[in-house]
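Shared between the two complexes below is chain A, which pairs with chain B and chain C, respectively.
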Partner chain A sequence: MKTTSPVLKLIQHVILWFVALIQIFPLVWLVNYSFLKSGDFFGKNILKWPAVFEWKNYNSAFTSGKVPHFMLNSLIITTVTILAAAILSLMLSYALTRMEWKLRKPTMAFILLGMIVPIHSTLLPNFILFDWLHIIDNPLSLILPYIAFSLPISMLIISGFVETIPRSIEESAVIDGSSIYGVIFRILLPITKPAIAAVCIMNFISWWNEFIMANTFLTSEKFKTLPFSIMKFAGQYSSNYGAQFAVMTMIALPTVIIYLMFTEQMSRGITAGAVKG
Partner chain B sequence: MGADQGMILLKQKKGGVTMKRMLISIVAMIMVFTLAACGSNNNNNSSSSSSPSKEVVSEAPATTEAATPADEPITLKFFTALADRANGAGKVEQDIIDAYTKENPNIKIEVEALQDEPYKAKIKVYASTDAIPDIIQSWGQTSFIKPLIDNNMLLELNAGDFADNNFVPGAMDGFMQEGKVYGLPRSADFLVLYYNKKIFDDNSLSVPTTLPELLEVSKKLRAKGINPITTNAMEGWSLPIWFEYAAQRENGDFNKIDNVLKGQGTFSGDADFLAAAKDLQELAANKALADGFLTADYGTSRNLFGQGQAAMFVMGNWEAGMATDENFPEEVRKNIGAISYPTSDKGKATDVAVWFGGGYSVSKNSKHPEAAIAFLKYFFKPENWAKQVWQGGAGTPAQSFTDYLTGQESTLQKQLVDIFGSITSSSGTPMHDMGTDEFKTKVMEAHQKLFGKQVSPEDFLKELDAAVALLK
Partner chain C sequence: MHKLLSSRITIFWLVAPSLLLFLVMICLPIAMSGYYGMTNWRGVGSYDFIGLANYSKILFHDEVFWRSLWNALLLLAATLLIQHPIALLFSILVTNAGRFEKFFRTIFFIPAVISIVVTSKMWVSVFHPNFGMLNKLLDGVGLSALKQDWLGDPKLAIWCIIVVVMWQGFGYALLLYYAGLQGIPKDLYEAAELDGAGRVTLYTKVVIPLLTPMVRVAVVIAVTACLKQMETIFLMTNGGPANTTQFVGNYIYKTAFSSSLYGYGNAISVIFVIICLIITVIMNKLFSKDVGEF
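Showing the complex of A and B:
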């Protein structure tokens, strides 16, 4: 490897810092504006130091925005989704990479086909189906499609990872008398942890903010999820932007924390599966 | 060896147990949700059966139930586009619902409130499954209500039932098809020119009352570095209404646009329409439109005006509340005034672009149409909606509300009442709302191009004609 000149290094750093700032800016902007009055929005300045910190925004987010209630709903729905998706995709990966059966390849292709189905095209058929099953306005009407949409990509990442694991480990487990479930949950599960963690985080990020399906399948306040809090402040024409930004800050917070905590694990998990091309 | 095997067996058994436990907990989880589904389903059904579900009982005190044994519990589903239930019109709506369910304990109203666009998207989903809620918000505009009526989704209402509600004459027209009424209007909307008096005073200018003055004042404001006029050109729906004003000021008749839409004549080739389009483009050419005019959405343009950065704001009467909105600096909100669009020798200030906006309709599939209509009768009692929405400063009702003027109104509200009270001719439903969605988009785009100086006035009229051709 060549030794890089300090000038080049400086330029590199400047560029990287610049990119980092651009990436972080929306978050700074979000937090900044959550402390402003709605009337201060869209002014001359991009960022504005609040004359008075409008804690009222957060206050109304908690009271009329029902953030705690909706956050609990979101939390339950996302947790069930990512757990079920992780277990199912691990089992699927095993069946599709290790087991020999007749329609293995077509099945795998069929599941991966799910990746190209746009969410919007499923709204109406699912609504009719759920209406028929009487699970409209029920957490299941979100959890089921969420799991279905999580499976293809989760399965792809985990099976990529599983393929890198030497078969001899499983073989010795089987020789020692392990059942198939034993192999999956006691041998594969601990080894594939990084990939499963990556998949869980990915699914969390995509379903935590999900709106269009929640909007279609939920009707009562009881099960509504976090994005509906934002709508609570949407007027007929103009809105209470300050409170909306306060809600958005609170929605973004768990995502940011989780991302910061697991970012390394996540990139490791995804790339580990990609080693074997 | 034997011990080893025993250990493995033991471990395997253990593994088997955890496996089983996991499966059981998954099954349990699914069952909980399915049961919850059945539970909520029962609640819905209970409205039709006579056995009250737990929830309804807990809401209805036993005493009232005993007093009126004939009242069976009814659940009405109410779907509205007023998403904010704590402020403005949404609060008034919710207050009336709460008062009604308090007076009628056997009736439970389940409110589903979504914002405008998600609302319109979801109503399409509902419409495709026959599951339309009992009472829905509707708009007296062909683009919204016609598909619902044509597909037999809305219940025909008896106008006589609502005779006591003092609806303004013509208010139901938009909700009518072939002489039958399918909805009731909630508010009367009209487009005005808001101005910031302080900016005019500071620059010793007077508020424009005629078209030439409007242009002149705009030039002077621009010369002093002040944004003259703003509106929500990005969404685009205020522009066609603005054009209706401009056209009326040239030809003296709001009906001429309606006639063209009906197929009598065209836009291009008409000297008055051309002059109107030229008037608007002249404003644009002289930079009378605020910086970033075409990229300003509702919130942006409203704040631009509210922060005192623009002198005039073309917007509907529902912004009466700006005068008391504490989000804006006091020097601005105390100085907001409103006038009808500047006049010409053909169009007077009493010729106003006024239409009836949102309202309510009842679903044809409703299990309790009588209950839904009874609620609407209560809702539109003059002392309910008309009084509360006016006194709350949340808009102008489509009913006569002169009895409820308090004398406490802001100057801005008084000016708006004066404009509304003086109307001699009105535009009716805005032109872009008189057709399909595609028509609406094309009309609004044509206007955006006109204001953005991307097309000549002649081509603008041709684009309008092309849009009208879609209606045939």
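Showing the complex of A and C:
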């Protein structure tokens, strides 16, 4: 490659740093304000080094904001969802890529249509449906639609990966007496791990953050998920800004950490899904 | 092997659980919406069957519905004309950023992984008329005259929403273009250089045309994302002031749960799904031509 002049290089880095700052600044601000006293919010400065770190804000987030309670709910609901979605879409992908049946192609196209349906269009009818099924205010009212809406994209990514795997491995397993289920869970599962990991991470981030269904189908506090906690907290302690910022920081951190840990898998999953879809 | 692979019982057990869930959680609700959309049900009590009255009212007399679609179009225009060119430019800058490549890529994507509840609340505070960062910033640079209640102004609010949505989706668009750039073979760059192409020619004549497939993907994703926009609006303005920032998803929610027009809300849901389907079909038809292999 040609060498670039140092001036151009400098300009490039200045621009990159500037936009990076815009992207990251509100988060810096969030963390910064979570350590301030509520009275400090109305000062002149945009960022303010706290005179004293107000750990009390985090304390009230934990106690009156019940963050651990909501976080546990979120954790249970998302974990069940991503595990079920991964297993189901692996099974489905196998049936749609390897098994031989007449309705294979139409079924695949049909399930992919699910990517077009906006979740908001199912909010009202699902409310009635869940009422009939008596699962309003029950974790199932989130887990079931979450899994259903995860299926199309997860299936797309996993089946794309399965297609690249040579069939000979499966054939020899069958000759050794393995059933189809054995092939899927003992042979294919370990090989497709990268794709499954990507799917799980993407699903984790979208359902951990999902808000509108959680806000609609869960009516009591018992099962509410983490994003809801800030709504509740902001309503009850509307003047305690510091603690609100502490709650928000704690909602944001888990996904950022997961993302930083699995950046590569996630980027690959998103681009694979986008290109195939 | 063939016998095992065409076993109907195995196929059934592999497909049935997913398909059942898909049918009950996604298809059945849409069918139910179709039914309730033909009633004047208010969420409780009895209701009458009123045929297609709701549907024709939405399509021909509902200004808020059309305003919601118009807002989606506005958001789409801003996304395609502002966000995407910047994202494309930045994907090129990031690809050439040497050892900082991964660092920048990671930073730019962070807003996309944070809960919309948090980012929306945060932006509401940024736009806050009293202690918001934006007004403080204007004070700081001596433009105090421009200070205002950003989200309370019917003309400005929609643009504030658009900025927030573009900010949050920037990393996603960048990631797509970045992946597209990675897919272009390195020897093409070298060949262009040997032919004497400068850096600008290299990108405008060689690289960007080769990115066309990825641009299409990004456009399709942008269209659906703009149509489906809801949470940011729900949390920042709830469609206000005076429905100027309304989006279809939020309008459905508001109609059913705040105005108790449950039947009417369902009718909007059905039209919404149909619009999404039609647009997707049209885009697939438009984009089905291929640019060739490389």
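A few remarks follow.
Keep in mind that, in the parts below, the second predicted complex is superposed on the first by the 223 of 277 C-alpha atoms of A that agree within 3 Å, B and C clash if a C-alpha of one lies under 4 Å from a C-alpha of the other, contacts with A are read in each partner's own complex, and residues count from 1 in each chain.
As a convention for this text, contacts are C-beta pairs under 8 Å (C-beta built on N, C-alpha and C of every residue); 3 or more make two chains touch, one makes a residue touch a chain.
If you're wondering where the values come from, they're calculated on a predicted model, not measured in any experiment.
Of the two partner chains placed by superposition, chain B and chain C are both touched by A:L124. When both complexes are overlaid on chain A, the residue A:L140 reaches chain B alone and has no touch with chain C.
Of the two partner chains placed around the shared chain by superposition, neither chain B nor chain C is touched by A:I169. Once the two complexes are overlaid on the shared chain, A:A148 sits against chain C while remaining clear of chain B. The wider contact with chain A, measured as residues touched, comes from C rather than the other of chain B and chain C. Looking at the shared chain after the overlay, A:K37 reaches chain B, while chain C stays out of its contact range. Once the two complexes are overlaid on the shared chain, A:A234 sits against chain B and chain C alike.
Of the two partner chains placed around the shared chain by superposition, chain C is the only one that A:R98 touches, whereas chain B remains out of contact.
Of the two partner chains placed by superposition, A:L10 touches none, neither chain B nor chain C. Overlap of the chain B and chain C contact sets on chain A: residues 41-42, 44, 123-124, 128, 179, 181, 216, 231, 234.
Across the complex, chain C is touched by residues 1-2, 4, 12-13, 15-16, 19-20, 22-24, 26-27, 29-30, 41-42, 44-46, 88-89, 91-92, 94-96, 98-101, 107, 111, 113-114, 116-126, 128-129, 144-145, 147-149, 151, 155, 171, 174, 179-181, 184, 205, 208-209, 211-212, 216, 226-228, 230-231, 234, 244, 248, 251-252, 255-256, 258-260, 263, 267, 270-271, 274-275, 277 of chain A.
Contacts from chain C toward chain A in the complex involve residues 1-2, 4-8, 10-11, 14-15, 17-19, 21-22, 24-26, 28-30, 32-33, 36, 90, 93-94, 96-97, 100, 102, 104-111, 113-119, 121-123, 126, 130-131, 133, 136-137, 139-140, 167, 170-172, 175-176, 179, 189-190, 193, 199, 214, 217-218, 220-221, 224, 227-228, 230-231, 234-235, 248-250, 252-253, 256-257, 262, 265-266, 269-270, 272-273, 276-277, 280. Across the interface of their complex, chain A is touched by residues 5, 8-9, 12, 15-16, 18-19, 22, 26, 29-30, 33-34, 36-38, 40-41, 77, 81-90, 110, 112-116, 118, 121-122, 125, 128-129, 131, 298-300, 302-304, 306-307, 309, 316, 318-319, 325-329, 358 of chain B. Here chain A touches chain B in the complex through residues 37-44, 60, 64, 80, 84, 87, 123-124, 127-128, 131, 133-140, 143, 176-179, 181-182, 185-186, 215-216, 219-220, 231-242, going by the rule given at the top.
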